[in-house]
Every structure is written in structure tokens, then in C-alpha cells.
Amino acid sequence: MCGIVGIVAKSNVNQDLYDALTVLQHRGQDAAGIVTCDNGRLNQRKGNGLAKDVFHTRHMQRLTGNIGVGHVRYPTAGSSSPALAQPFYVNSPYGISLAHNGNLTNAEELSKEIFQTDLRHLNTDSDSEVLLNIFAHELQKLGKLAPSAEDVFTAVSGVHARCRGGYGAIAMVANYGIVGFRDPNGIRPMVFGSRESEAGTEYMIASESVALDGLGFKLLRDIAPGEAVYIDMDGNLESRQCAAEAKASPCIFEHVYFARPDSIMDGVSVYKSRLRQGEKLAAKVLALRPDHDIDVVVPIPDSSRIAGQSMAHKLGVKFREGLVKNRYIGRTFIMPGQSQRKKSVKQKLNTIGLEFKDKNVMLVDDSIVRGTTCRQIIEMARDAGAAKVYFASAAPPVRYPNVYGIDMPAADELIAHGRSEQEVCDLIGADWLVYQDLDDLVASSAEGNQEITQFDCSVFNGEYITGDIDDQYLDRIAAARNDKSKSLQAETEDGAGIALHNDDAS
Amino acid sequence: MCGIVGIVAKSNVNQDLYDALTVLQHRGQDAAGIVTCDNGRLNQRKGNGLAKDVFHTRHMQRLTGNIGVGHVRYPTAGSSSPALAQPFYVNSPYGISLAHNGNLTNAEELSKEIFQTDLRHLNTDSDSEVLLNIFAHELQKLGKLAPSAEDVFTAVSGVHARCRGGYGAIAMVANYGIVGFRDPNGIRPMVFGSRESEAGTEYMIASESVALDGLGFKLLRDIAPGEAVYIDMDGNLESRQCAAEAKASPCIFEHVYFARPDSIMDGVSVYKSRLRQGEKLAAKVLALRPDHDIDVVVPIPDSSRIAGQSMAHKLGVKFREGLVKNRYIGRTFIMPGQSQRKKSVKQKLNTIGLEFKDKNVMLVDDSIVRGTTCRQIIEMARDAGAAKVYFASAAPPVRYPNVYGIDMPAADELIAHGRSEQEVCDLIGADWLVYQDLDDLVASSAEGNQEITQFDCSVFNGEYITGDIDDQYLDRIAAARNDKSKSLQAETEDGAGIALHNDDAS
Amino acid sequence: MCGIVGIVAKSNVNQDLYDALTVLQHRGQDAAGIVTCDNGRLNQRKGNGLAKDVFHTRHMQRLTGNIGVGHVRYPTAGSSSPALAQPFYVNSPYGISLAHNGNLTNAEELSKEIFQTDLRHLNTDSDSEVLLNIFAHELQKLGKLAPSAEDVFTAVSGVHARCRGGYGAIAMVANYGIVGFRDPNGIRPMVFGSRESEAGTEYMIASESVALDGLGFKLLRDIAPGEAVYIDMDGNLESRQCAAEAKASPCIFEHVYFARPDSIMDGVSVYKSRLRQGEKLAAKVLALRPDHDIDVVVPIPDSSRIAGQSMAHKLGVKFREGLVKNRYIGRTFIMPGQSQRKKSVKQKLNTIGLEFKDKNVMLVDDSIVRGTTCRQIIEMARDAGAAKVYFASAAPPVRYPNVYGIDMPAADELIAHGRSEQEVCDLIGADWLVYQDLDDLVASSAEGNQEITQFDCSVFNGEYITGDIDDQYLDRIAAARNDKSKSLQAETEDGAGIALHNDDAS
Amino acid sequence: MCGIVGIVAKSNVNQDLYDALTVLQHRGQDAAGIVTCDNGRLNQRKGNGLAKDVFHTRHMQRLTGNIGVGHVRYPTAGSSSPALAQPFYVNSPYGISLAHNGNLTNAEELSKEIFQTDLRHLNTDSDSEVLLNIFAHELQKLGKLAPSAEDVFTAVSGVHARCRGGYGAIAMVANYGIVGFRDPNGIRPMVFGSRESEAGTEYMIASESVALDGLGFKLLRDIAPGEAVYIDMDGNLESRQCAAEAKASPCIFEHVYFARPDSIMDGVSVYKSRLRQGEKLAAKVLALRPDHDIDVVVPIPDSSRIAGQSMAHKLGVKFREGLVKNRYIGRTFIMPGQSQRKKSVKQKLNTIGLEFKDKNVMLVDDSIVRGTTCRQIIEMARDAGAAKVYFASAAPPVRYPNVYGIDMPAADELIAHGRSEQEVCDLIGADWLVYQDLDDLVASSAEGNQEITQFDCSVFNGEYITGDIDDQYLDRIAAARNDKSKSLQAETEDGAGIALHNDDAS
């Protein structure tokens, strides 16, 4: 998962892009990058780490220009390439910089095409580099000295015709403008908004509406699935549906875990979705055990607090933050002659004894992925004296990998993969495990916007909306994940693996 | 405020000290440092920033040794010196490293004494350097080739005889042992605990009990006011009351804001104190307005959530997290020819419209200091459509500066200084402002441990327990604060102002 | 001026490229860069500073691959762009990295062409980026999936047809091979050589033959003016004359000052050229003043020592190193409220009193450019007690700017521009000034290789061999130099101005 | 060997100290440090690397104050401690910073004394830390609130009474003044000089007179063996003989190799010494082989050029720089799975074929230590076609280790240790080897100043002037050297091993 932003303004956009990246930082903490365009010249700064660590005054002073794009990165599943910060850049045609959020499922095939048909060299395994070169090639084919909005939309149509998967992208064509577009299923989110300045209207395109809020932009609307929105250097905005068949099918995991609660995504308040998730969980609890003996609801911080509050309220029991999160986590160093120590959950969470001692505790989390953390927390709850430890998951069992841009483990690492709910309950050691029903989860989001009739729920039901995912593909990305984790171990702590397009170093 | 820790173990203490500093990091995020002693040699690493940024593998590899002390720093009021990371070090006698939490109120007088009587050079305005040199001199006076526990206690007695203020310190005497001590009023907290290893018992002394929890140490008890606890290289622990007149008077602000909720401090659970603060606030609300029209209680994240929950529960209204905190805050860069832009609260907090629209909202914060943030949040609440905006402070009006180590503004920057509650209410623009009564605040903590009969409440009532604080002193630290903020502005972003004892650079 | 190198080997080339850059470092100390190609992927490291400071172990570990190119940079006259390290890269077609030494005199016109005809974006004012894009476009036009040696030569022919100036370049076509080529006048030098390994023959192309010597390669020959030499991934070498009209006219300033003395350049030993320069100078002295009263010849270190030795020997007077050079020069810092102090020659050179006191000293330098340093040295000689101070320049008066890649001041900064020899003598304060005659200088080099019948002597006689240099052009580069020096001053010490293609940072 | 400097001026000394360190940089390139005193506060910057790399603008801006000391470091033989930059500091008494050049031969005994008698902790094995603590203790014993010049001299006398070896030191007593002193044999050099400013006379003390020259100070004289020179804050200079028995016995190796030729050392011009060394070598050659067949004298750059010139002149043969030195040497990186490649002399030196081909060449070097480099150069000369290769050493056979501060190998690594001249000749593969006679070497220097009747020639004759060197001591330092080289290998490239007093990091 990644966060992306593009701004066309009337004065320098560096500070605004930077601020937007900090607001979107929850979508990716591995790397950050900004490219701006000033009078035909591109200025760039990218690096590993949080935005606040990547950008210093000397970088900001170079990042002049009234238009630009930014990116925060989270490594995408299925990519075995070394860590690469975005935006990426090609100089032909026009000079194009692109920031991408999502995953192309046919990247491998496209890679070959790009080289064989287009003679373009790809220097990474990143599907983002593929997406950029496809877009660049589609635009180059038109051969215009100065590309019009129409030309840009034609190129985006070409992208939709060739690319499969879930993707949102913002591309800057140097000296011409910025375009944002979403895949025909609208799996990955994207919104745009405007702000009035003395010199005229300014626009921002971003992954989430919170980026608009924080910077004084007013949310205009979501970019529709398959649609492209283009803003030229003079601030003229045009939009166009560029996909033959577009049908909204947004990723429901954004509502469960990924998005900030204060975002409005495809017309749905994420915060309200989560409140409803909690209410529906409570309803299920009451339906299953009308005479339940739950004394207290304790959320696992931070993402399940909202669902936990509404759940506790509906159940009529106390909501208490019995687990305290340590916000400052460090690493475990390997000293000479010593093997890696296991990082225990204890360093991240601490129990408040009072809230567990002799009580029947209902722990709530947003979802259960590998199950290792759950198991340790349940153990901690028992060590703290809990009489019974129940566990509720605001999402259904996660049984399948994600192929649309969320970094999820391969199937065999998922605790619920091929297991019943009771088997999971036994493995994590809970006295009772309550999973949200998928219909309820969908309803929690769908109630926020009647027009969205379906969501990508592939991690729960294995139904991949793009229709191109088979076992072979899943095996391949599982293998790639393994290779990647090996190569990451081989890297030094100084962040080797920085490659060609990346100006972070030393 | 600062966090300090010392460990005497049976194997290398570097990772444990590092982990402890990350657990104590909420007490100071400006700088971090560790000194260990290995076979008579001291190894040190200090630097500006979070522990996770200061310590890299190459530093950890050097920090060998079974005993050591660590420090995380928060700039202390009244100090005009450039930023200095601790522990500090003197080579005479024995080689002593000291980490300090608190503030000496007679540091200026002691500085002169140290030079004139002891011929010791002080290179900073830091009262921690003063404390170290006083301790060193008291130990040197005894002239022992190998200092005994008795000698160390005699030196601590000498410290108590000369120093005034609130202080907790952990000092390592190279090759001999570690001593932790607290001022005779026990204003600053300190605990110690033990852990069994195969090679014998290991000890940790730390500012808060959470540091013990996270690392598998069992809390033995608090160090008593005026007491010193000494552990020698072989792991023998001795303790001694070193002050003529000691009477517990712990800082109540730890319970309001500073300490982690899962800490047990002087026998009191901070978490329970905060729950009681919320209950007593609710009781006051009900007493003043039995027919209140509050629809929802919204905490200002993060420190007021616990009091907010119990308050909402007692009031019988919904508790909702209507304000979302951005956890990734960046800086505002000054571009050439541009003046500093004001950093607005909007970049730190965002409202969830739903929870404010047409509602009567009770905002809760732990305390009100300058009042600027409150005022902006109340404005945001109104912008989000709140019908009425009430404000509750879990602490009474803050009217006086802190001189015992909490970095609090000078009196004239405190919104409640010289103002009535109603005047503050008008200034922050609330429809109703409810302050906790001081008696209730004290009771919230005192109910946790009957033996603590008084607390340092000077910021609320202006009564400074050390008896040496007059207007002249307060004026001096107010002036020093001003000088300091000026000199900080003059520093470059690369962290100049690093001085003699500090091995952080470039 | 720059130094460039390319290697096609049978094992990793990183260490060899690095070693070659250190041997070529005298050609440029501002920046260094290496790109290697490993199994289709490019690995890059570039940065400001000496090679030894730019490349650390972690960079070298990433620079895998059996073929690669390297570059050391010296800012080229006429370029107003911020400092950019090479090699440069374009991803279309094939992925091409290019390192360039020299200067294109029609870069400005080509820039427009590139954008308008080729739709390629240039992000800098660097003529090297122009050269790379011209080469890339010429290769792309052929539209081959796999370019043959023939295709590469066709593209080089296209480059010669469009580009004017003095240029040597080494380009790597990812996964295919490396090509080195020289402009049709052979103004800038380039050689190639081979080395036998167990796995077969390995090749190096480089600016100077010393790079071959140091790494065990045997000099095969110079690349001829207009010629291209291509070595594919399998180590097959082909060469081709790619220019319609090629005629050797190498830059004589390489022999005077720039090249290392142990280089063989276009068949001429630079060392021998310099010995002959000294002999001819001596002959002129003897002709003009058969009864000269010179007591000692003192070279101005380091470049004039060789000519000084042969001159002294021929004159029959002592050769003495009366000026000692400080090899470790630091900067002058500007403290707050202080203006820049002038860096005096005294910090770079010191006199040995004994060799000046009451003697008639003949100082020798390779050439006189601005004349400021000479004047100061002559003054130092007088301060040291010299009776008479004579000055000999191994080169004729420098009266015109260089447009083929040597960073020489604009005309009005050249002390001999528009002045007679006597006027220069008076300005620098010498008792006698002897300039080499141009015919003698040419003969010093030409005697080494009868086949070279002409040299580029434009800085001495204002005759620009490419035939396209008019006053307008010279005015433009003079203005560009001024702009550049201004913008350089505006840059921070941390090396801002690093742009898009550059992975050096922080 | 190290370079040290101290300045008492009328305005900030930071730039002057920095400039002086660059002039003295030939005495040590491993680390650099400066401490200044401004209004009672010490400002410090130290780090590994050249002065130009250690000091940036932000450091210089902090290094305010009109007095200060500086140091450039070269690791001293016999020290097994991790790399430590100087000056060192103790805060008791007064705050003293000290920079040291040389080696104490009784450091180990003194270390114990310091701890047992003085209770001072030493954190390194560095004899410089010992020297500082001895001086500090001697000054502390006097117990003065404000030390007078007399007190400082008394302390220096105490140092001489307790310390053995060769040492020169400059110490700054914070807020009082700067003192420079030399051991009673004057083994290590030190001079002082003055400069007039508008505000009064300014003084500099430095290792070599060139530091004075470069900064406009006038050489007053050498500090005499055993003497101390003290300059207080007001610029009052006093000097005193502080040793009971002082007799000049300066290190002759400074004249052979270490010092800059333009230095005047104990009244002797190093340049002239080297000219005389060459003349005496020529005389020996002529005496031994009146009909020698030498065609050309070729110096091994850089240190033997002066002796080579006078030798060639006296022999009446040509002097030619047939070996070209590469001034930019890089490192050899160890790639994964690869063992360390040997760094060959070929990367440092290159031959000019012309000067060797069919000629009888006399190579000249300043001395022969291990002999490995010689052997390789002789081989290179033969590869370049030399008919015969003769070798002359301006110094006699080096047969014994140095214990007074020059980093020389242990005895068994010295090629001439226990071998005849002919055996050395055979080992290095020369056709003839001519060593300077020791009497001639001594005469070369002594002729410059009749008052110096003896020199420390211990590396040649094994006579250690301090009378305390036995085989046991030599064995111990040989073992320490081995341990050290092992521990250095274990260090990471980031310069671990930086210890307590060192503010270089990350």
C-alpha cells in the first residue's frame, strides 16, 4: 500500500506536498519522495524513511515549482526488487514522473512487451516502473509536440487496455500538467479537491480525503473507477471516463484497517464503517450468547478502538484500554556471536492488571492475519489474571492473499487459510472467538453509500475481481515473497539496494 | 522531564538499556545516551533524537559491559545552555557517569561553589553537570582507593545537604557499581526491581515501573524520598536513608500527564488515578448541572482518553473519538524570502464531522497550559457543526511555573495565571469550562496509596515544597527561558550546540 | 575537463572502474560516478567529491556486473547548470548510460531539436545530457530489438552529423555492450587496451593510457578521431570510422598541463613533450640573453617540474625546489558578521629562503592564465630576498577562451588577452618574462609523433578548428560563466543543486 | 607522530587553528581536533579524517574564543587503544585540554599511579591521557583558586619528574592560558612565534615553524628541551626551564622523513639537511666507485626529491622524475566471498619508460623500513627495461623500533634488523645498495646548528637516550602492535572504536 498526492497550485507546492505526505504517512513508512516541475526543470528528492527524515531544508529549497507529485511507500507483495522510492521518471516523451499505489497483476507479461515492442529498459521488478513506461509509451505513440488533455486521456485508455490489477496513479507530464487515474474497478482509492488562492483555483489529487482536509482543500469527489482527471499548468481541470467497462469494486480492507478513520472514501465515512462493524459484532455476540458473561471490552490498539467502543456500548459493558501501546519501538541488535532474539509483543504492549484480574475480557482487533500476535496477547491477558479471554475480529477470517497492492502474507502463512473458525480459536488459545460475518462487514461499508454495490473482498472469499488470478500466479508471488525476504536479510543496515532512479544515499 | 535507567546484570546490558530507553521515551524525545562499563573501560554513545535513531549496530557493538546507565532527555526549564545529551562524565574520582531527572533550584550558587572550593570546571549551564560534580566531590573528599557502599551513601548524604530541588539520579562509579537516589521530598519518581538469570540476580533502577515490566524485571519497590540504593559489580544491593528529613511529596503532574498509564508510581496506579480523575470530573459536572445536555464526550488525544472514558461512563453519555490525531507531524520549512508560517492545530488533529454536527460536545483534556491549542480545537469543533462546546480539564488551573524539572512556560504564558476560571473560559471560547478541583485531583492519586499524604502541586497552588523559591528566582528562570528560545532559533538544523561531553556529531 | 572509463570484463568490474577513476582523478575532482550492468539491471552510484569519498563498501557491493562505465567530473565552461555527476542515463531505447569528456559547441540548438523532434525531456543545461539523448535517438530510430555493432556505429555517425565541438564519450547499452567514440577532430583524447584473464580477453576504454597501466591492461592504441570502438557483452571488439571527414587535431593543453606525464596520448609521451618544452625554453633564453645571470631554476609545483628540470639542465644552472606546496588545503569559513577573507597563495606555497636570498631566480610555470597567482609568487620570491626574479612560461600567452571542454576563464579574465608580453611582465612584476613560442610548443609535442600535423591551439591563437565559433558564442559562454558563479555561491555547503539523475544526497 | 598547535590571540582563533592544522597535516592524517575557550566555556570538535573533512561551517561557528589548541593524529606505536582524537579533556582542576605529540615510555606504570594515588580514571590506553592526568594532578596539588604562570611551571616540573620518553604537549587551562612544553631531551620539536594585531601581540606554539609562516607569525625560537612557555589570557608570555637536567637530543628522523622541508627545527633548516644528505651520499658513491656507471638519478617521490637533486648534481648525472606518483589512492574493497587483494605499488607509482630503458638507474629513497615497497619498485624499474638498478638510502639501515612517538614497525618487521647491508641488498633485489653512514647523516643535520651536539638516532643504533628501554619493553610494544592490528581489523568501516572523549560519530 502506498500514499500518493499531486498538486497544481499558484505558488511553490513543496511544503504542501510534504504536509500531504505526512498526513498520508500511515499508508507507507518505508520511503518518501517528491518531484516538482519549475519552468521545465524537474527537481527531485527521494529517500528511505519517514517524510520528516527524508526532507531537510536544503532539499526543500531545491524543490521549487508550482506543480508536483509525492509518494510514501510500503513494500508491495509480489515484488522481489530492492527498495525503490517513488516517483519514478522517464525522460521520453516530455519527461514524466509517476507515483503509484496498487499492484499490476500482469506486470511480468507487460515487462516483456515493454522491452520487445517499445525498446524501453526496465531497471527494476517494480510494477510501478512498468505502469509508468506503459503510460509513457501510449503517450509517445501519439507523437504530439504538445500533448492535450485529450491526448492524456487517450494514453490512460491505453493503460487500461493493457494493465490488469488494482492501481491508482498520479503522473506529472513536465511543463504540461498532472493526471490522476484509477483502475476500472476502482480497487484503490483516489479523491480530488480544490482550494481558492488569490491567483486562482488550486487542485490536489490524493489517495485519501484527509490529505485535502489538512491543507485547506475542499473535497470535490472521488475519481471514478476507470476515470482520469487532468489539470494543466494553468489550472484547467478536465475529467474523462477512460475505461470501456468500469464498475466500482473498492477494496474493503481500507475500511477495516488501512485508511485513516477520518477519511471519506467512495462516499463512505471510514469512521462510521468501523462503528457499524462494532455494532454488528455486538449483535452477533448477543445472537450467539444472549447471556454472555463479558465484563469488559478491551481493544488492541490502535486500529480497533472505534469498533471496540461501539461494540461495548451496544453490549452494555465497559470499554477499557487495558492494553497500553509503547509508541517508541526500537530494534533488536544482533551482537557478535549471538543469534537473533525474538521480539516479543511485550515490548509493544503492556497490560493494565486491574482491567484483566478475575474478569471475562473481550479483546477486539480489526482482523487476524498470521495469528501470532493474537496468541501472545491472549497469553498476556491470562498472565494478567483474566478469568476468561474472548476474542472478536471486526473482519471475517483472512484466508487468501491480496494481489491488489496490500502487503499480505502468502496463503500458507495465514492462520485461517484452510482452517475452520474453531481451529483458529484453538490455535490462538482463546476461550471464544467471534469473527464478523462477511455480509455484515460489507453492509458496514455499503450502508454509507448505496451506489457501491460490491467490494473487493478477495482476502476473505478468494474471489479476484480482475478475473486473471489463478493458482499459478499465487504460487509465483508466494515464491517471490520468499526470495525477497531473503534478499532483504542480505542487505546491510545502511539501506543498500537503492537503485538507479533513487537519489537517496550515504 | 527526563527518563533514566541503570542496570547491573550478568551479561551485556546494552540491549536492555536501549529497550528501557524506548519504554521511557515518552519522558524525553530530544536526546538519548548510554554509558556502559566493561572491565574498567567506559563505552559511550549519546546523540540528539529518539533512541532508535541515536543507536546503530556499530554503537551497540561498542557498548559492551554488564553495568551501565541510560538517559532520554527533554529540555529542562531554566536551563539556557545548548542541548546536551546525558549521561555526563567526570574522570575524577574513579570515573563517574550520571543520568539526572529533575531540576536543582540552587544550581547557580552551587556552580560557583564547585569552582571556588573544588576547582572543578563546569562547561555548561546544566544543573545535571552540577549534580554530578557535587556527587563526585563528596566522594573524592573521602579519599578511598576503593569506595564502599557506605562511602557512596555518605556522598549521597553530602549531595542532599548541598542540593535543593527535585531530583532523581543514577550514577555509575566505574568498576564499582551503580547508585540511584531521590531528593528528600521524592518529587521525581524512581523504582527498582530484580530479575533472576542463570548467573544470579540482576537489578534495574528506573524512572518508571513500565521499564521493569517490559524487560522481565519484577518491581521490588520505589526508592524512598532521600534514600539511595547501591548495587555493586557483584550484584550486592544495599539501601540507606541518606537525608536528615525526608517526607514524600511526589509531583502530581506525573499522574495528570507525564507518566505512562501502566506505571505504578509511589504505589499508585497511574491508570487508576486517571480513571478517578474522570469520575470526579463527572461528579462535579453532575453537581453543577444535574440536567446537563451533553450528548457526547470527546477526548483530546492521547493523554485524556482514560479520564474521558470513566467520565463518559459515569455521566452515562457516549464516549467517542471525534478527534483524530496525525501521528506523523513534519516541520514547516522557511523558504528564501518567506516568513515562518504558523503551524496550525489542523495539521495535528482532524475532526470526525459526524460526532460534532448539531451535538453538545464535552471535550476533555488532561490540563490547560497556554490555552492556544484548546482555543483552536474549540474552533474546529464549532466549524464541524457542534451546537455547544464544553470543555473539561482533568487538572485544576495551571497558574504557576514548575521548578522541579517539568518544562512548563513562565507564569505570564500560562492562560490561567492571574485569571479566574470564567476568564479562561471566555478566552478559549468554550460554552462552559469545568476544571477539576485540586482536592479531587489529589484524592484521585492519594486514594491509591494511603501513605502518601501530600503531593507537589506547585503549578496549581504556587506552594513550592523546597521552601527556597521566591519571585526573584522565578523571574530569573523566566528570563533564562527567553534567552534559551532565542539561542535555539539561532542554531542550525544540523543540531549545533553539541558540546564538550557529547560524542554526537555531523 | 573530465576523466572517463569503460570496461568489459569476465568478472565484476566495480573495483577496476574505481581504481581507474582514482588514476584519472587529476582530470576532475568535483564528482565521481559508476554505472554497471548485471544481468540486465543497472547499478549506479554517483556523488560529489573524490572517488575515494563517493564509494563506500555498501555502494561497491551493489555495483555488480561485468561491464560498466565511470566518470570523474570537472565543471565544464559554458554550463550554467547545477553540479551534475555522470554517467547520465535514459531508459529508452535499451537503457543507455553515458560518460562524456568535452564540450558541444552547438548544445543549445541541439537542445531545442531534441525536444521538438524527439520529444525528449532534458532536465539540465548539461551538454552531456544532450549528447546522450542525441545518441539514444539515433539508435532508437533504427528500431532494432537487439542492436548490432553496425547499428551502434550508425548511431555514432548520426551523432557526428549533428554534434559540433570536442567530445569523447563512452556509452553502455544495457545488456549489449560498450562503445567509445571521439569527435572527428580528435580534440579530446581516448585510448583502449586489453588484458587477458582465464575466461578470455577483457577490454578497457579510457581518457588516458595511465588508467590502463595501473590495472594491467596493455595499450592497444588511441581511438582515432571520428572513430568508434564497440565491445559487446561477449568481449568481441569492433571498430569503425564513423565521421565523413576526420582529421587529428588534439588539444595541446593536455600536453602543457592537463594530462598525467606518464600518459601516452595520440602516440606522444606527455613526459617527453614537457622535457622538450623545457629545452626549447632554455634555448630561447640562451638566444635572447647569451650571458644571462640566472643562478637557479625554481619550478612552481607541481606541473612545471619536468620542464623546469630539462630547462635547468640545458641552461647549466641548478634546479632547486625553492617553493614547497602544502598538500592539505582547507577552506576559509565565513563566520557570522564577517566577510570572506581572501585565500592567499601563502597558504598553498611556502618559500625556502636559502634558494632565493640574494639570487637571480628563474621561476617556471606551465602557463599563465589569470596571472594573479604568478604575481603573488613573484612577490613572495622578492620577500624571500631574491635579487632578480625572472619568470618562464612553458606555454605561449593564453589569450582566448577554451570551448572544447577545458574550464578556462572568459577572455577578459585572461591576463594576456589584448596585452603584449611586456605588458604582462609589468603586471606580474617580473624582472623578465619569457614565454614559449607557439611553434616551439607545437614542435615539443609533434616531435613525438610525426603523423600528428596539427593541434588545437585555440587558447593561444584564437583559431577554433570546428569553424563554428563566433564572438556571439564567446559572449554567451562568458555570460553563462558569470551566471554560474553566482548560482554556485547561492548553493549551500551541503551540495545542493543535485538534480534528477543523481543518487547522491544528504 | 602528531601535529599540535596552540594560539592565544585577540579575536577568534578557530580559522587560524584550522589553517595551522592543514599546514601540519603531514604529521598526521588520521584524526583532527580543536578545542577553544570562550568566556569560560570550552567548545570542541574532533573527528576521524583530515582537518578539511572534520570541520564544517557549523562546527567552526561553535568554536568561538580567543584561545585554543588543535591536534592532528597519527597512531602512535605501542598503543593498543582504539583510535582517539585529541585534544583530551579533564574537568578537574580548572578544565584542562591537552594535545600531545610523542610517546611516554613509562605510561603503563604511570597509569597505575594515577589511579592509585590520584583516584583518576583513565578510559584509554593512550599515553596522552596519562600525560594530561599527570599534568592535571600536579596542578591540582597546588590547590590554587587561580593558577599563576609559576604554578603552571611547577606542574610541568612535576610532569618531567614523573614522565619518561619523548613528548611535546600544548595544554590549555580554561580561562587562564596556554602552556607548551618539551621533554628534557627535546626529542619532539616545538617552536613559538608572535604576530602583531591592532589589539596587541598574539602568540602561536606549534610543532613546526611552517605553521607560523603560513599564518603570518614570526618565529621567535624553539622551545628548549625541558622548557615551558606559558601565555596567559591577556597575552603575557613567560618561559621557564622546568627540567633538572635538560640536554638537546632531537629526533633525527624528523630531518630524514617526517618534517616539512621548509621547517626550521632546532635552528636547522630541514631542506638544507636533506641537500647535505644527498651530497654526502654522492660523496660515498664516488668514494666507493669512482668510475660508477650511473646514467640517471631517479627519486622515489615525494620525500627523497631534495636529496636526490643534490646527489645527482654532485655526481654530475641527470636527475629525472622517472616515477610518477598517483596522488589519489583509493581502497581495495572486499566483496562477498572474496579475500583481500594485495594493494600493489603499481597503483601508487608508475614508471616513465624512457628514463629506465637500457639505463643504469640510481633510485633514491629517504630510508628503507620494511623493504617491501623498495623491492617492488626495483622490480618495476627492471620491467621498464633498466640495465642496472642501484638503490641509495639517505638514511642508514633502520634496525630498531622507535619508542618516542614515530609509528615504526616492531624489530622483526624491519628488513635491516639483524642483517648486513649486503643481505638487505640481496633481499630487495638491487644491483647495488648504498646506505648513508650514520656519522654523515648526523653531520648533515648538525652542520645546521653547532649547538646541537647529539641527536636521537635510536632507530639506527639502538641507543635509547632516556635510558629506560630494555628488551622487555620492546617485546611488550611489539605484542601491543600485533594486538592492535588485530583489533583494527575487527572494526567496521564506520570507524567504531571511538571512545568516551570523542565527539565524532555516526
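When the chains are written out, they are named A, B, C and D in that same order, and each has its own residue count from 1.
We take it that contacts are C-beta pairs under 8 Å (C-beta built on N, C-alpha and C of every residue); 3 or more make two chains touch, one makes a residue touch a chain.
All values derive from a computational prediction rather than experimental measurement.
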At the chain C/chain D interface, shared numbers over all numbers used: above half (same) or below half (different)? same
Starting from the mean Cα coordinates of chain B and chain C, work out the distance between those two points in Å. 61
Chain C and chain D have mean C-alpha positions lying a whole-number Å distance apart equal to 36
Cα centre of chain A to Cα centre of chain C, whole Å, reads 50
Where does chain A touch two or more other chains at once, residue-wise? 56, 61
Can you name every pair of chains that touch? A-B, A-C, B-D, C-D
Within their complex, chain D touches chain C through residues 12, 14-15, 18-19, 21-23, 25-26, 50-52, 55-57, 60-61, 210, 213-214, 216, 260-262, 269, 271-272, 305-306, 309, 313, 318-321, 324, 326-336, 341, 346-347, 350-352, 354, 493
Chain B partner, complex, touching residues on chain D are 41-45, 47, 56, 58-59, 61-62, 89-96, 116, 118-124, 133, 140, 143, 145, 174, 492, 494, 496-500, 502-506
